[in-house]
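Going by the order they are written in, the chains are A, B, C, D, E and F; count residues from 1 in each one.
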Amino acid sequence: MTASLTHLELTHLNLTHLDKSGAAAMVDVSAKHATTRLARAGALVQTTPEVVRLIEQALLKKGDVLATARIAGIMAAKKTSELIPLCHPLLLSKVTVDFELQPEQGQIRVESSCLLSGVTGVEMEALTAASVAALTIYDMCKAVDKAMIISDIRLLEKTGGKSGHYMLETEQ
Amino acid sequence: MTASLTHLELTHLNLTHLDKSGAAAMVDVSAKHATTRLARAGALVQTTPEVVRLIEQALLKKGDVLATARIAGIMAAKKTSELIPLCHPLLLSKVTVDFELQPEQGQIRVESSCLLSGVTGVEMEALTAASVAALTIYDMCKAVDKAMIISDIRLLEKTGGKSGHYMLETEQ
Amino acid sequence: MTASLTHLELTHLNLTHLDKSGAAAMVDVSAKHATTRLARAGALVQTTPEVVRLIEQALLKKGDVLATARIAGIMAAKKTSELIPLCHPLLLSKVTVDFELQPEQGQIRVESSCLLSGVTGVEMEALTAASVAALTIYDMCKAVDKAMIISDIRLLEKTGGKSGHYMLETEQ
Amino acid sequence: MTASLTHLELTHLNLTHLDKSGAAAMVDVSAKHATTRLARAGALVQTTPEVVRLIEQALLKKGDVLATARIAGIMAAKKTSELIPLCHPLLLSKVTVDFELQPEQGQIRVESSCLLSGVTGVEMEALTAASVAALTIYDMCKAVDKAMIISDIRLLEKTGGKSGHYMLETEQ
Amino acid sequence: MTASLTHLELTHLNLTHLDKSGAAAMVDVSAKHATTRLARAGALVQTTPEVVRLIEQALLKKGDVLATARIAGIMAAKKTSELIPLCHPLLLSKVTVDFELQPEQGQIRVESSCLLSGVTGVEMEALTAASVAALTIYDMCKAVDKAMIISDIRLLEKTGGKSGHYMLETEQ
Amino acid sequence: MTASLTHLELTHLNLTHLDKSGAAAMVDVSAKHATTRLARAGALVQTTPEVVRLIEQALLKKGDVLATARIAGIMAAKKTSELIPLCHPLLLSKVTVDFELQPEQGQIRVESSCLLSGVTGVEMEALTAASVAALTIYDMCKAVDKAMIISDIRLLEKTGGKSGHYMLETEQ
């Protein structure tokens, strides 16, 4: 959907989680076909070069900041349908969470991926994993930097399902 | 903490959730005093003007996108210690989640606040509320915009506790 | 099962969640066939005409009492197997919760529906959704009416599975 | 609150979980005093005399229907703030769930009690315990009676807190 | 795997939950075939003959220690993927938890079984059920015996899946 | 409590979670005083020397087996009252989980500690943390050793509360 959509087109769009009267409801997925579905999502923690180096040094010892954030992200992916009211429960086949430290920019890049053999997309699971991993980094570093910002939470790629393949342009 | 911290200063900083050997552990809060603590946090959902207007129109009918996101954010604040591994469980006194629609910019601003009479700060609870409210908006609008971005997840204000009052500069 | 069942017939009945020795156990569903299953359930909140009108007025503004109760009911349906000890976990395809305000009688009628493509019935999910939606209305109105009663929690209709179609007589 | 409240009085009432604009929010309890608070709630499962006798016979053996429902009710009381969106998390001091079998009427009466030394009332916890205990009985008996009804979910008594002692008239 | 594995062989083994860089990740099960899978696990609570007799006497009355532990074990099996970070969520078909009291030795033997029609083994679910059932017995008896020990938490049998049938020697 | 307790003494003991009729109930803690309470618990994972060395080698890289088990144990401590039916919810001040690798014996020793400023003991929280940490090690190593055994889950030390200081003899 781009900004050039006219009002006429808008009337054909619908917020899929609202029924005709505007009330919230879960979308019916009982007739959808099970396919293999993948989603990758990203997040960015903006802090200072010092904090990133501190994480890196901890990494050289036991790596627990990133290990903790990874586990938190993976476990959060499994909790998505408890957190997002209209998400369907589903049986994730695989979840990964990875990190890239960029000390010069004071940034930690988070990337998650979720895989499912099922009837619904898994972008919310990937986004939730990336968000909670980033929040966990925030939690473990907040004593040394109160001005951290989490941004760039977005879908990087999505495959499987009726809507076909989606990839963020900068990822192509 | 600013970028001018020297290496010497760094040695005095510590990632408060790591013990001496670098392993993860919850911080001991048993000797801290109970005070009234407040935290406000923000998040920004970047979508298109059309999607914001669509939410607005739904709002004029039954308002369920924002009502759903508000409930999701409030309930997520109560789940923070289940999501963030080293967060302490606590008894939130109050949680609010509010929204500001900016159709021209295609933006929805999320603001949360958490209040506690207790021994630990509540910034993670406020940040979690804002993040999950934003993810819920994303979930309910993703069928019409796959390129949404959630950003600007940050602490806006914090009061109570030993570290005193903190307010983001742009909020002052 | 009606009151005319003789003692002989009773010996053929069994409480399906008890094993031969009387101990609790989950029923084995591994050999059941996946079919599309639907259950609809109802609940009734009895309060005063004033409270129903108060909800109605709020509804005209932002509708949050019913919107909150709807979300609570939908999320509770997804938690059924965590609440009811011997319920099987399952992947709900769809959940809806709706309300009918009857100001003259001081009543709010709750109706839920759950849909599943799977091996177990979903009546407990529908009943849990209706119950928790009613409890949420109770919670939000209890400051103005301590004498509310929740009643009429019952199955309205059930389709799919070996036991065939069931519909409450007053619904036919 | 009775039906004789005039419109004038109504304007002084407020649904305490709605803020001025009508949006949902948790009530601020940070300034409330901790007192000992008790709530008792009831529920009624209406089934057939045969089913009640079946439960009773099981009771003579191992008692697992009621034991399971009791545990489910106690555990649900502890989950109340996860189920009811605007309930505060709290540290229950005690929960009990008891049953009275009335085979002639085909009824099982459920009674729960919750005790807290804290700042919020515990009626929602008692009501949730009674409701989930009743739903568990329903689950374990539904194979032999599809027409069960759960009713009479109500507050029986409440003590502690600013609003003083409340007791249902028929309990006095 | 036995102690005679040489270093050479060790290099062919891999800890299946670690990716090539050693980071934690869920194993991909999207290409695995759904089969019927069973796992049985055991645990042993070592206490004193008096405590076992106390449980037995309670059993003669209402049996609530073991009934409570049984329900706790069954519910814990359903929570396994929330507790064990890299476990896949799955839809258990059946869970049982049983006990054998050995008053002379002051022992309570716990045995659990889990059944699944799915793509992953269920040994962690069976082990979690047995462990939490044992912990619940511990909780209910700890006031009379602080020196209890839980031991012998192990897999007794496993069927289904690529790795074939496994049975503990002493069970054969 | 020792094996020499006579029958007379037994009648003075009571399983504190059973009420007079033998039904399960949470103990009333509303009149207990808040003190600082500590509990330490242990568990032992018995595997082969090869598996311990494999964990050790992974430790040299990123340490994720033990880091994952540590996080799992800490998060499980916070879930204790959800798992153990009659445990009170409480606000843990601190949780730690540590490991000692003994490659020669093929053993991993787990030790947890929980700290609380509150009215109930925290031994169940410490035992749950140790158990779930051990189960997580089991999960991550089960592909290379199906014959692992978890044992020696026991209380090592307990301080605070009416019952005074307790320490396992071998710890003294």
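Here is the rule we use: a contact is a pair of C-beta atoms (placed from the backbone, for glycine too) under 8 Å apart; a residue touches a chain by one contact, two chains touch by 3 or more.
Predicted model, so just to flag it, every value in this text is computed and none were measured.
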item: Chains in simultaneous contact with subunit A and subunit D; value: B, C, E, F
item: Intercentroid distance (Cα basis), subunit D paired with subunit C, Å; value: 16
item: Averaged-CA centre spacing for the pair subunit F and subunit C, given as whole angstrom; value: 38
item: Separation of mean Cα positions, subunit C and subunit A [Å, integer]; value: 33
item: Per-residue overlap in subunit C, given as positions that touch at least 2 other chains; value: 23-24, 62-64, 67-68, 71-72, 75, 79, 82, 85-86, 89-91
item: Arrangement of touching chains [line / ring / star / complete / other]; value: other
item: Residues of subunit B touching subunit D in the complex; value: 36, 67, 70-71, 74-75, 78-79, 89-98, 115-117
item: Residues of subunit D touching subunit B in the complex; value: 19, 23-30, 81-82, 85-86, 88-91, 118-119
item: Contacting residues of subunit F [partner subunit E, same complex]; value: 1-3, 5, 10, 13-18, 21-24, 48-51, 53-55, 58, 61-65, 67-68, 71-72, 75-76, 79, 82-87, 106, 123-124, 127-128, 131-132, 134-136, 138-155, 158, 166, 168
item: Subunit A-facing residues of subunit F, complex; value: 62-64, 67-68, 70-72, 75
